[in-house]
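This report refers to the structure that appears directly beneath it.
Think of it as A, B, C and D in the order they're written, each chain with its own count starting at 1.
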């Protein structure tokens, strides 16, 4: 392994062309599962891009007024409407969970089982809070009469795109939360230290799994950044 | 398997400080982008700010939380080049949307 | 695209191999290959019948499963095409073909052939079987996910087939499923039919994503020692690029399916503007049907290449093996595949020149489309140059390759008509289009599939297919299919629009009645002649000539397994080590007319092999 | 027989088929002769390439079929040849593309003097609206369509008052007067296509699409719907009659304008109310 250990490989574009021309692997030292997650996320990026592009097309080409998002999504605090308050809190919650996840990955690689487990659990709880707040936001809008097929504040498409895009993102978050809980249990149980075989796949467990899960979780956060900018701030 | 693990360990046990820094920056940037709405900036300024903060946040998450900054260029390029297709799609759909709304305003008198 | 930078590395790679291996003259150093980076893959070996043959994690079995399922749906599609042709050639001959049924046949035929037959066959079937063997892996990297991928596909096919039996029948919206018409009552199957179609497509996309991840990562990350990207057979390049396209194109299909399902079931107005139907204004408003078309073709055009690129790759290998000559311009072939793949994301709206999109798009898309013609033409040149001064075995496989070249060149050139916006305007939505795409992505890939079956059948089963039956099969299929689609272009020139249940007595169409009858008869003959193929396969399974090892004297890795057919894990105890590209045929100075990829340089020291 | 001969037969047969085919374009009846020219150009260049490539293939097959011990050329790459082929193909492609784009530029830029004709398409039929004296069509909307207002014309738009309404599927056009067809669909996609005019465009609900042509041959032409629009797609025919100026003017005088229609309806309503009153 000495001649192709990672640290001896050239970096940058030179390294890239060497990697591309080499045998066996293109992504040197990157685990299969991690590549899989990256490529999957790339594909998923295209899904969200298509959603957001459709939204852009729908919103720009409607001749009915689009509701003012900072009013629609405002919360009343002591009777004063605060624009986008809930959304801002949701953003902060998701970023917080992203941070804990990043640390969990770090501690995972350091084989710090306890820290890793607790941080994953914290991430899961952050995700759960986010989903809860989203449920609150949905029910508030539904209460005000917004439906996927109609919208008292203006263009029909507002409701459609809102429920579809946040719903699709929320599904991603929920799936992530489920996996976070499963993985925190696995970490606490020590599956990754022992290399226990997976239930379905019969593959050996490894701490790389935490990074893979982390990639997914950060991606969910990343998508939210775009949704926040394009849906709420536009 | 061992070798790979070792490499990963080398590649990703960065000092905790860097994560905390990025974390803090993300909070600040989110706060800024929220302020864009709070102060009701409009027009070009609003869009510039929104996009700058958005791309900064996205960049930080990808580069540091998702470790792309430390990955080899092969992976980074594979992930970023396909975005040109998306960029093309966005650009053309923006033009298409403008065209649609134009014909609607020209020939219709209520919502299309 | 991942491969955008391959060429740059070649000189650097050459340097590094010189410094590591070429410095001293002893034979040991010549044979040097970098040590393994990856640990052995541990595989799950099935024990019971169920884990061995049904829920099997062996890519080869999964490939055969994909193949059989796809062929089954393909036969359904074939029968549907007969029914359509019967109506067109002899209207009112078959009483149960009403307009509703006709449109349902059209739709299901199109969707089945493009997605469930060709895509699944090339990527799911050939991809699964050949990728691990050709890159020297023991299996796909995630065998379990791979298995789930097949079963998702299977469920998708079941849902699709179920739509034949629901009230209202399958959707008759045309395979493009354009809204608003697809989900409004004026179209057959606009209730359950279209919903099942959308659900089935979504399942297909999900299943395919699982498979696609496997194909990509196996090719990128699980090659054997010595197997650089530029030593992979073109088959793998074709399948790889097609899979990469699929991973990026299917999302658009999924999104459009989701949005249309919501339009249908919840009454959202993504694609639905204000509509007045049967004197009533529907509750929709403000949506944009053109948006669907953009999303659909953002998927749809790469989809064309998802079908075409594996065919390009496979045919290159078949030609090279059976012409006993290296493929001409391998590097350019790779670059053409990758370039076509990348460009295919920038040409989608050439299907929409008369769709009422922003008219200025015509310039952009006509230009990008015709740019694609250049790498495609180069591939054709390289195929025929490969035949030049070769030693061509005129067996069934080669016949199918030649059939491919003729039909592909024909269809490719009519593609230039349709890609060039001003030429497309009179021809679009006529039979010219039908003839064009059947020639280029129907018949041409089919020629490759059949050639590939004749080529790899000995590998899969250990027995040869009958050459005699194969030749009959070829001539019926090729001549028949060519005489269906070549004259059909002229229907398009007359101006006969597509998707017409009946032409009545339009003045410029009555003259074509004779041609329609001829085409129908030819279609029936071609369809029935596939029975020869099926008969050949079924009988050869038991009475075919035993193939033995490497019956074609090919170089590529799939023929070099210790057992034929290859066992689970493919390579026995030790993974193969690769020393060259798979095209070293008739190398000057070599003893035999082929040098396998695993032959170390020291064994062919006298041959003037070029460095690859 | 050597398979190469059969392939040769296929190529020769294709060429002969083209020469002797009784099936070819309908006679052109509009200004889009340039489209036919670009098709012809593409046909000759493309057809030439097809024949050359296939003949070369047949030659190789005939000349180099398998013989034990035949000397085979070993030449993995030939950069010079590849470069020549690339450049030649690129030139060919440019030669095809450039005229196409010029024609297309004409196609999307309507001449100023074009007569605007709105085509309304629905499942499954057609009707037309022509501007009156002012030469401008009034705005309209699908949701406003009713028995009283069959085109959904904006009652507040003065331009719409004199619009000529043709609630029939026969459209008359003046010879040598450019027409801009504005397509409005009430329900699903349609396409107003007359093969003799070569031009076509989809009608899409929710937006207005257009194309233009100049009919230059007197006669009756069949309109076909060229975009699949449901079960009745194949039966969605109409007729265009291209006339000389005099005949056209006579025809257009007989047509009803929107204000005529409103007046008539008011009369009817008046009569009805009178009848109703009398009954009382």
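Please note the rule applied: a residue touches a chain if its C-beta (ideal position, glycine included) is under 8 Å from a C-beta of that chain, and two chains touch if they have at least 3 such contacts.
Predicted model, so just to flag it, every value in this text is computed and none were measured.
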| item | value |
| --- | --- |
| Innermost chain, where centres are averages of C-alpha coordinates | C |
| Chain pair with more C-beta contacts, A-C versus B-D | A-C |
| CA centroid of chain B to CA centroid of chain D, Å | 43 |
| Gap in Å, rounded to a whole number, between the CA centres of chain D and chain A | 47 |
| Gap in Å, rounded to a whole number, between the CA centres of chain C and chain A | 33 |
| Centre distance in Å when chain A and chain B are each reduced to the mean of their C-alpha atoms | 13 |
| Shared interface positions of chain B, touching two or more other chains | 1, 4, 74, 77-78, 82, 89, 93, 96, 98, 100, 104, 108, 110-112 |
| For chain A, residues contacting two or more additional chains | 1, 13, 16, 19-20, 26-28, 30, 35, 42, 46, 49-50, 57, 61-64, 155, 204 |
| Multi-partner residues of chain C (at least 2 other chains) | 2, 5, 38, 248, 273-274, 285-288, 290-291, 294, 298, 360 |
| Category of the chain touch graph - line, ring, star, complete, other | other |
| Partner chain B, residues of chain A touching it in the complex | 1, 5-7, 9, 11-13, 15-16, 19-20, 26-31, 35, 38, 42, 45-46, 49-50, 53, 56-57, 59-64, 70, 83-84, 88, 91-92, 95, 98-99, 101-103, 105-106, 109-110, 155, 204, 206-208, 211, 214-215, 218-219, 221-222, 225-226, 228-229, 232-234 |
| Footprint of chain C on chain B - complex, ascending | 1, 4, 74, 77-78, 81-82, 85, 88-89, 92-93, 95-96, 98-100, 111-112 |
| Chain C contact footprint on chain D (complex, rising order) | 2-3, 6-7, 10-11, 14, 17, 21-26, 32, 34-36, 38-39, 42-43, 46-47, 49-50, 53-54, 56-57, 60-61, 64-67, 70, 72-78, 81-82, 85-86, 89-90, 93, 96-97, 99-105, 107-108, 122-124, 141-143, 145, 183, 186-189, 191, 193, 195-196, 198-207, 209, 222, 224-235, 237 |
| Complex interface listing, chain C residues touching chain D | 99-100, 103, 172-174, 178, 180-181, 184, 186-188, 273-277, 281, 285-290, 323-326, 328-332, 354-356, 359-360, 362-363, 366-367, 370-371, 373-374, 377-378, 380-381, 384-385, 387-394, 399, 402, 405-406, 409-410, 413-414, 416-417, 420-423, 425-430, 475, 479, 482, 486-487, 490-491, 493-495, 497-504, 506-508, 511-512, 515, 583, 585-588, 593, 608, 610, 612 |
| Complex contact set, residues of chain B against chain D | 100, 103-104, 106-110, 112 |
